[in-house]
Amino acid sequence: MSITQKLQALNISLPAVATPAAAYVMYVRTGNTLYVSGHIAKKDGKPWVGQLGRDMTTEQGREAARGVAIDLMATLNAACEGDLSRVKRIVKLVSLVNSTADFTEHHLVTNGASELLAEVFGDAGKHARSAFGVAQLPLGSCVEIEMVAELS
Amino acid sequence: MSITQKLQALNISLPAVATPAAAYVMYVRTGNTLYVSGHIAKKDGKPWVGQLGRDMTTEQGREAARGVAIDLMATLNAACEGDLSRVKRIVKLVSLVNSTADFTEHHLVTNGASELLAEVFGDAGKHARSAFGVAQLPLGSCVEIEMVAELS
Amino acid sequence: MSITQKLQALNISLPAVATPAAAYVMYVRTGNTLYVSGHIAKKDGKPWVGQLGRDMTTEQGREAARGVAIDLMATLNAACEGDLSRVKRIVKLVSLVNSTADFTEHHLVTNGASELLAEVFGDAGKHARSAFGVAQLPLGSCVEIEMVAELS
């Protein structure tokens, strides 16, 4: 199955590419390496405001992280000029989870993104990763994820 | 206008290269990729102590981030043996903003660095980026920024 | 002295490679660059739970960071198929220190990892670095460190 077919089977349609919230660009390619800016979680097109351990459950955080992965794929798709088969490898994610000082399930929240990427890209979707709790995120968003990918 | 002329037009003179605060080096080059260590904000040569949302305004944070960008350019300049025209692209910034749990303008603080880099390097200065709030920074500094750059 | 001999001289035996706590892999290689996932500090095989500034001293944090460096070397060793002489350079560490809002010695904590890497790998062990305080870490761990390395 092609990446496009997998997305269809999962009933995922890629949204419009996110626009930068400030003075930066959504991705930069150097050689075959693509650096994708941190994408914040959104709900109905607006920042998904919340903090794990305060007003969101781990399951809601997973859902938010899965949504970020979809937005990251839309950006990847733009960087590949609409041909996601040019993604050779999802190399690394850094996952920033807006959380209180006593929330310790950042890895489970981040699985929402990691599992979807592995589902869509197969072995090429398996990535290195760091996940941790941050004091707060831009616009109050609950999760922000950045990505490094290898393109062919 | 050359990079040097742009810096002069902006009335910016690059400071001496920052020295590591601990057991690391300021940058490592691998292939054409330069990894620059996190640089903390300084004022009058000392760590610029403060926390956004507690005792600093967003505008002061912007100013601190702009100062970090100047220090990062000094390090870039050293890595390029004094020839900043060898910077092919500012690839990525990661911006760590020392902030309380209710401050949500990390992206505006970080613009202080991003806008200066775009001003000095033009299109080559437009970069991918993540910005977020951290619990605290080394020596109490208000902002820390690390960089990835592509050299020719 | 070879890397193996240096490890022996330091009385360090590399542990079994850490297994991912969630849906990711411990490292991904792209070209000659190796991205190593964030490794959390462990004690007696379990997450080393604690927070700097609350219930751990800087010296204990150093010890934890040193332990993470040993685990990172075990992962590096696996990526090099047991031949650590193939590590051309430790390029970068990102060190996430679980800390309160008033702890400011993340750089000293992180030295526990940085100094060991320089000791084992010599000049090839000198790396770029960022260190900062995070709100909390997966499983309550006190320190998490990720690495970028160049392999030959």
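The first chain written gets the first letter, and so on, giving A, B and C; residue counts start at 1 in each chain.
We take it that contacts are C-beta pairs under 8 Å (C-beta built on N, C-alpha and C of every residue); 3 or more make two chains touch, one makes a residue touch a chain.
Predicted model, so just to flag it, every value in this text is computed and none were measured.
Chemist: Upon optimal superposition of chain B on chain C over Cα atoms, what rotation angle is obtained, reported to the nearest 5 degrees?
Modeler: In short, 120 degrees.
Chemist: Copies chain A, chain B: same or different interface, half of numbers shared as the threshold?
Modeler: Since fewer than half of the residue numbers are used by both chains, the interface counts as different.
Chemist: Roughly how far is chain A from chain B, centre to centre by C-alpha average, rounded to an integer in Å?
Modeler: That pair's centroid distance is 25 Å.
Chemist: Do you know which chain A residues sit against two or more other chains?
Modeler: 31, 33, 94, 100-101, 134-135
Chemist: In their complex, what parts of chain A are in touch with chain B?
Modeler: 21-28, 30-31, 33, 35-38, 51, 94, 96, 100-101, 134-140, 144, 146
Chemist: Could you please specify the touching residues of chain C with respect to chain B in the complex?
Modeler: 31-33, 53, 88-89, 91-94, 99-108, 110-111, 114-115, 118, 126-135, 148, 150
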